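Inspection log for the structure reproduced underneath, given as structure tokens.
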């Protein structure tokens, strides 16, 4: 068990979560599985943001969808305030659904194009039979205001808005039921730069006001560092590194994290000219035929013989956890 | 003589809601071998302007006015040479597209045909523009694939696009853009769909090519990080106009236009730590259907003045390479501009 | 007019509307109607169809002749008293054509409606539940579809007699299969959409997701398919009646009218022409509407 630094209990704990997808059945040899998430564990504390970074196909979105139970985990547990929700039926999940919400990546796909903004934001309340019609309308107006939209936007349709405005509508919808945990699945990667900062600020403001926790998923490390208290780095379904945001960023331990940080483009010509960049060769291996050893061993500049044999276990260095043989 | 010079380009789209002026009087030029960045948000006209140059506008769009000089020759459909003869224009552009100007798009799959082998597509591209034997074209294609860093090119020559990863597909697109040794490459957000580690590789590749072959590159992007890594000069676009232009250092270390400043402040750099309020630009990009008569940035600008609402600011130069379009910097022109407006 | 002294004063915050949207709010269906309206052929088709429907519904009330009222004036040509003339039994052909339109349209619309309801429900459930249930449900559909629909109709007619009801039921036995397959593929592709996932994470039940979120977005292709199915059903009924397997006298559909006129075709061609022209007009109108609708629903479909 890990050491508890605070008295408070985590809002969400993920314990050895695994999600495998069947990729192909074979008659003579075992079936192929895509190991989208493979043995991931961490906690999210009240009022805390955990950032999850990794390249496409690393399983971060699958993990998010498993945590919020769009998918059922293949193994392991998802605990919400101590209750294991990983195998609950849909009916028994319902009370938890209200408290865990999700903001989606694509603001153009996450709002039903056939309904007005008012109907979209009001829907969660309608589903949970919250308040009367006028009460719900009042709340929708309040939520619109909270995300910086105008009262008359309530009767408009999603396609009339810009990407940033739509994302704010999506945020208003998730807030409708007053959740205490929100998963943000790459909420800013489809948005323009000036709008990204707007959304990040809005999320931080809401966190301060409502005291909720975020699981924030992104492939852009700089923004994740800005909003997160803790950062986890994922690669090929595995969690490679986990720790305080500044600690992970300033003092990355895993070779992959180092490469990721050094590859991120910085909006500063001087730094771009002088910065030392770790060049990764090759590409992420297919998750069906993942390496037997450390998932990163095929591209790692510091790969050793033992890395090829078995995946390393998480080593804990004063709360900064890393899965690499260098630190065992 | 600049390689590509755009003079006062205006592009309009007819939509159900009315006429959308996507590009409103844009002028700039690119020299041989130069790396130019065009930065703007979605709807700023950065991509539309380039599609207009290539003659690839959607059917409801057209160039309303302006000149496009490539190598000193006007290649806009409005040019006198093509007056009333769209076929001659199409013919002309066929010879230029892919041959003298290469293009790289955000999604490689819009370019690659999924049912043709990658090698076939590359060789066809070469044969289309150059007179050489199939064997020569094949060898060229393989050496191009090697040049853009595709391992075991001979084997991958026979594979289909779906067998390639996103980064490798983008390399193929770059290879085909390079096939005829173009003098200009227009890259429209080529790295947006790619992962960071791959993105860095692609940018490096583009820069090396530009240096080795003296090819000019116009990089259209919304990512200031990409610009900082690749470009020498930068145009900042907003609502169909260039609001500021300058060298890379001028734009990043001495931004003048409030939009440029806002943009730079809203990205966080490696230096700063913690989560103490990013500064952001409020609101959304303007609705191009109904712009106010003055500066388009006025509704979101923290320094907006009354004149910004009614009158369009004029360019103000800070140096030979650096200028912006903002009333804060061109106050002395106010009398002239307002007098002109009330006359005409 | 802005005063010179005012030029460089900070602007009022109320004038900085950075969330401004110029367009009036407009829903998807509003857009569809706008596009449909601007398509002249589709609009003419709709107007013609509405006129025919109006005529068929109201016409018989104003007609002085009952549809089965025989008279002494047999085989008359068109005249002021009998607009389309009379048939071999002296019945007023215009009144009979109006009744024929009624029955043809009724068969076309109602059978399509029934097919749509069954198809949407069946396909929706199969696509939503997925897995083995889906596979079993779709195999059943395959079996149903393997038997020609003519067989069902003949069978039902033998059991329940030759009337509108048995023709319609016969057409509906396997008629919904196309819609069901369409709905199923739509639902499967909509399953992964983020707004559907969002509704799911809000705790929405299957019925709500299926009918509120998926159906509203799957409707476009289904509507197009349905407007194509109506003329098909009308044709089928007319065809059955024409080969003598349809509605029995004295009731008449456009198909039976044409069948009745067949014997006198050489001598009294108008008896044949009138119902056939009517069928043509109706089918053309419906085809124009369907074409206009498919373009209006998905603008990328237009030429």
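Order as written gives the chain letters A, B and C; numbering starts at 1 within each chain.
Please note the rule applied: contacts are C-beta pairs under 8 Å (C-beta built on N, C-alpha and C of every residue); 3 or more make two chains touch, one makes a residue touch a chain.
All values derive from a computational prediction rather than experimental measurement.
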Going by average Cα coordinates, which chain is farthest removed from subunit A? C
Any chance you could check whether A-C or A-B wins on number of contacting C-beta pairs? A-B
When the C-alpha atoms of subunit A and subunit C are each averaged to a single point, how far apart are the two points in Å? 47
Distance-wise, how many Å sit between the C-alpha centres of subunit A and subunit B, to the nearest whole number? 32
In subunit A, which residues are in touch with two or more of the other chains? 148, 161, 165
Which positions in subunit C are in touch with at least two other chains? 19, 21, 23
At which residue positions does subunit B touch at least two other chains? 282, 284
Residues of subunit A defined as touching subunit B within the complex: 55-56, 148, 161-165, 192-198, 200-201, 204, 219-223, 225-228, 246, 249-250, 259-260, 263-269, 271-272, 277, 279-280, 283-284
Residues of subunit B defined as touching subunit C within the complex: 16-17, 282-284, 286-287, 289-290, 298-301, 303-311, 327, 331, 334-335, 338
Touching residues on subunit C, where the partner in the complex is subunit A: 19, 21, 23, 25-28, 193-195, 197-205, 208, 213, 216-217
Per the touch rule, the subunit C residues reaching subunit B in their complex are 2, 4, 6-11, 15-23, 31, 34
Interface with subunit A, subunit B side, in the complex: residues 41-43, 165-168, 195-201, 203, 222-229, 248-249, 252-253, 262-270, 273-275, 277-282, 284-285
